[in-house]
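Just so it is clear, A, B, C and D label the chains in written order, and each chain counts residues from 1 on its own.
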Amino acid sequence: PDILCAADYETVARAFIDPATLAYIAGGSGDERSLAANRQAFARRGVLPRLLRDVCGGHTRTALLGRPRAHPLLLAPVACQGLVHAHGEVHSARGAEATDTVMVASTLASCPLEEVAAVGGPRWFQLYMQPSREVTADLVRRAERVGFEAIVLTVDAPVQSPGRAARRAGFTLPESAGTANLAGYPAPEGRVLAPTQSRILDGMMREAPTAADLAWLMDVTGLPVLVKGVLRADDARALQRAGVAGLIVSNHGGRALDGVPASLDVLAAVRAAVGPGYPVLLDSGIRAGSDVFTALALGADAVLVGRLQMYALAVAGALGVAHMIRLLREELELCMALAGCATLADITPDLLCEAAPC
Amino acid sequence: PDILCAADYETVARAFIDPATLAYIAGGSGDERSLAANRQAFARRGVLPRLLRDVCGGHTRTALLGRPRAHPLLLAPVACQGLVHAHGEVHSARGAEATDTVMVASTLASCPLEEVAAVGGPRWFQLYMQPSREVTADLVRRAERVGFEAIVLTVDAPVQSPGRAARRAGFTLPESAGTANLAGYPAPEGRVLAPTQSRILDGMMREAPTAADLAWLMDVTGLPVLVKGVLRADDARALQRAGVAGLIVSNHGGRALDGVPASLDVLAAVRAAVGPGYPVLLDSGIRAGSDVFTALALGADAVLVGRLQMYALAVAGALGVAHMIRLLREELELCMALAGCATLADITPDLLCEAAPC
Amino acid sequence: PDILCAADYETVARAFIDPATLAYIAGGSGDERSLAANRQAFARRGVLPRLLRDVCGGHTRTALLGRPRAHPLLLAPVACQGLVHAHGEVHSARGAEATDTVMVASTLASCPLEEVAAVGGPRWFQLYMQPSREVTADLVRRAERVGFEAIVLTVDAPVQSPGRAARRAGFTLPESAGTANLAGYPAPEGRVLAPTQSRILDGMMREAPTAADLAWLMDVTGLPVLVKGVLRADDARALQRAGVAGLIVSNHGGRALDGVPASLDVLAAVRAAVGPGYPVLLDSGIRAGSDVFTALALGADAVLVGRLQMYALAVAGALGVAHMIRLLREELELCMALAGCATLADITPDLLCEAAPC
Amino acid sequence: PDILCAADYETVARAFIDPATLAYIAGGSGDERSLAANRQAFARRGVLPRLLRDVCGGHTRTALLGRPRAHPLLLAPVACQGLVHAHGEVHSARGAEATDTVMVASTLASCPLEEVAAVGGPRWFQLYMQPSREVTADLVRRAERVGFEAIVLTVDAPVQSPGRAARRAGFTLPESAGTANLAGYPAPEGRVLAPTQSRILDGMMREAPTAADLAWLMDVTGLPVLVKGVLRADDARALQRAGVAGLIVSNHGGRALDGVPASLDVLAAVRAAVGPGYPVLLDSGIRAGSDVFTALALGADAVLVGRLQMYALAVAGALGVAHMIRLLREELELCMALAGCATLADITPDLLCEAAPC
């Protein structure tokens, strides 16, 4: 009854998630500048509706990686969904399945990817490179085996830890959280750093994916590989040339390097770099159908939903996720209707305007 | 005694309207971004007065649709005035009549248009397209019959519902509110959507007016037709070419699609698109005579007053509305006097300057 | 002991002035946008100091209307100084005399201009045009007779009344406040307006000075005439051509038409319009020596101090005014020293930079 | 445990420093506009990371004045460290020594420069010109004798006093604070000003260094002389031509002339003026590794840390200082890693972007 719009799940979820976990989910890295920038980027853009268009019979259909989709919304890869709901990823997958939504399952899920696949909806697998190539290759093979349709390689968060707000609130990732997919593999061997070596540059960054790793991955798998975490136009073009199947413009919801711009603020430049027709998705900050509209107008083919997914999952499991997606979709349709757009293709950049500064 | 300026009616009205209804009237759609933008647009503009001009004998006279008017203020169409005053529209009409003000009566009034007309002041009829063309045509004929001088077709709010703040405050539109003009017509037949159809794009948007509907309307009536809700220069030019008698630049007071710019921020572009001499009015955010001055300087021929009308009506009925208009007019005159303008024609764009950002 | 800088008089004065009177003095007109703009205009400008200059032996000397002055500070015309101190203007004049400061005495003073003159410091007379030319001419003759060196014609405030904050606080100008100079003249005859005439455009604006009145005034007096209230470059050039002796760029401390820009924001344009060497002064918002520095860098020859004068007068009479001027002057000197300026002529525009937005 | 990042020392230090002293250390001059600008300048800049780079084996090594350094962080000259820790400068020097950090020891230290030198770490001497050239020359000779490697002449703060916040909090510099280096010299003879002379321009500015003084200093010493307090491009080029060994772009942490821009905001212009390869350092506002990254991207070779040094010293003496430097360095490395930079040379301006305005 309190949920009048998709964004309301954020408010309502506060009663369903303990404060430390909430701080972990809601928070961002560093000073949370990029986290804030994500929302501001949407707030700074307005819409200039076209009048008196006939939108009756319009729809939100589109195609992604060659397959028809009912709408341009995906569930972003979000680790450790067990933090807010037992069998979290399975519930998210059910919500996705019920609403014709692609679920992007995280490497660091609380449920193994086979269980997510068993739900049966459309699914992509989000990959974090592992210290050992054998393990990485095995993860990919398992995803292929159970019908994941694409690999999303996340490249913007090689070093990960809960943000300062979460740590101050006492949050620590439970031992086993996010290791369901990795159980059974040999533990990566510890490596001892020489005293002159850097804990960060030589230590944590060992597993950070490089261009060579990406090439290896595309060799290893027959599935289309998308790269998640793109913010620069030059990187975008290089990835396109390297044969990547698509890009996800993302700042990891403000959880990777703090100080990076809002995904939305670099979207147009990335789209311009790769030209029309090449798959470009966006996430970070999507809270309403009007945000989806804005992202599409600036060049995205579709958007991924991170935190709202966790909030809806916490509030009402699969039903919550499905309801949240339905609300977002109706909000998008309302926006299209009032702006005179019958189809996604009608959502052109000239419909946007700069919002008055506040 | 507390009312030193027209805007004070906003403050004082709080004691006269119950909180839920106040939330409905004061509120905007979505996140209320466009609502806020309306006021900011005025705040961002300043005046650069001309010195030592002789303004003695000056006046605020103008002409609208070929008829002389004492001043450039109109009462905007505001539905359901019964929410704040018994026989609300009749009182507003009396306030308008007493101050030589055009009242634009809403389709969704609490009193039938015949009662408004009986008061005798200058009046235009605001039209919402109805599901049936017969009903729409009948409404127009009734308006013609009782002396409404123009039809204002509102095109920016095909889907309407109280904003979230109002819904959270428990506001629901009373069953019969706003149906006085529609009583006696057959109820529109319900239509069942196919499962693949969209509640919004196929459902609610059925009655949304299209360019064809507008052409039909101009055929049906001999009255001049103005279009309310224009924000784009290209739409403005198209409407002018289509033979519309005038435009009302409006974002519905921030109550239609949220995220659209302030009316004031697009006014100059609309005026430039249609050229001088073509009727362009503005509403959304008018709270003071200086706002009227600013709108006129940016190209409006006149302005409409929405919420202030409801506030003044709630505080003191017809007297309140008349007093509010008188205050606004004197504030405008003071602004003209201090800026060295003897007539409305002297209010030129070079008198404006960008206000310092705050 | 609490007064570490000139601006502290503003804080300390709160204990010396009753709230309603304080609201009158501190307040501005309308929504107090121009009042706020005045301070923001200074806050938006920064200084880029020159390094390693020798400023030893520097000074703040200058010349105004052909006479040498020890510094570029004047006391602005401020009416009704009796509101905060018995014989207010006489005390201000003593403070001015003690610090080599030109006092600009207001037409609407609480003490007659002859008493101000008797103090003996340098003095100009601020003139408000009176309903009768005879009275106006007599005021000027009286000022000439007792040694006022210039006439400052204020043109930006033909209609005057306490701001809304003051009125809400219950402030009313005492009957006799500000009439000391006008006592003994016949009361202006009331004029009855025809019903179609405007209270403002035909009523209050009757006495508003026009270009013809200015020409008449320059004929009537042998003293140099400055015009106070200039904000537009075109007005500035016209006044220069008309033979005016100098301009005061002022928005009346945000007390005339609300919405006009900060004086400081139009100063450079006015200076550019009249060229170098022509007297241009500024007031509105001066609270610190750095403000004086900024105004001089943007083209002012000197600045006038309004509210700080009233605050210092309220706190400590003549001593307060003298102390406040001394603090302002030392703050200016400190600013000059740290910016590498030995004389006022060294305060050039290239020493300013835009301050970071906050 | 509460210290998750270098900036946390600021928060934690509040419990270790009495309020008046804290006000002195944390505060800035005047209205603290430049103080605020320093932080805002960093907040307005974002990073656009390069993807998929191999940063393994990267490092933060650099060279300053011809000597190899492990990282680009220095301890800024901060007077009177005895205010927060007994033998403050000695502890800072130990923290510096432990982390391979150049300590810039202040003329106004609480411990004599010989004691700082005895600690043994890399060290530069910050010089304030003294009233007598003999004293100044003797200070320099002492610094040379005990192995200081460079002289940093501070030129932006010829007049010094605690800010208003500190004075309001009751702070007064203890008699003997900051005189350890000057003990034993004859007291400068008082000079009596003529009544027409200015306390500031003729008084306090007597000792302000001039271009001639700088030339004399470079004659007197064989050590490289850097100038601290540079903000203008023209000054920068002139100093470079005069043979100065390097520049420190600094607004004294917002403690010199208030209203000057943030150091960061003028850095690029200074770098452009002197060209590549010439030593340009920066301080003012450094609180995190990302700030160091930003400064380096805009052209700095290294940065100095002022207040964080005092905070860390107050919290935990030498250990605190060393820990703070280690945190800053790791934060810088993390930033480099996530932005795809293996070495400082990879930190190029194209990695920066304007942050969304908030």
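FYI, a contact is a pair of C-beta atoms (placed from the backbone, for glycine too) under 8 Å apart; a residue touches a chain by one contact, two chains touch by 3 or more.
Treat the numbers as computed from the prediction; the structure is a model and nothing was measured.
Between chain B and chain D, the least number of touch steps comes to 2. For the pair chain B and chain C, the fraction of shared interface numbers is less than half, so the two copies use mostly different residues to meet. Among the remaining chains, C is positioned farthest from chain A, on the basis of C-alpha centroids. Here the CA centre of chain A is 60 Å from the CA centre of chain C.
For the pair chain C and chain D, the distance between mean C-alpha positions equals 43 Å. Contacts with at least two other chains are made by residues 357 of chain C. Chain pairs that touch one another are A-B, A-D, B-C, C-D. Chain contact summary for the complex, chain C toward chain D: residues 4-5, 43, 45-60, 288, 290, 330, 333-339, 342, 353, 355-358.
Listing the residues of chain B that touch chain A in their complex gives 30-31, 33-34, 36-37, 40-41, 44, 155-156, 158-159, 164, 167-168, 198-202, 204-206, 208-214, 227, 229-232, 235, 239, 256-262, 265-266, 357.
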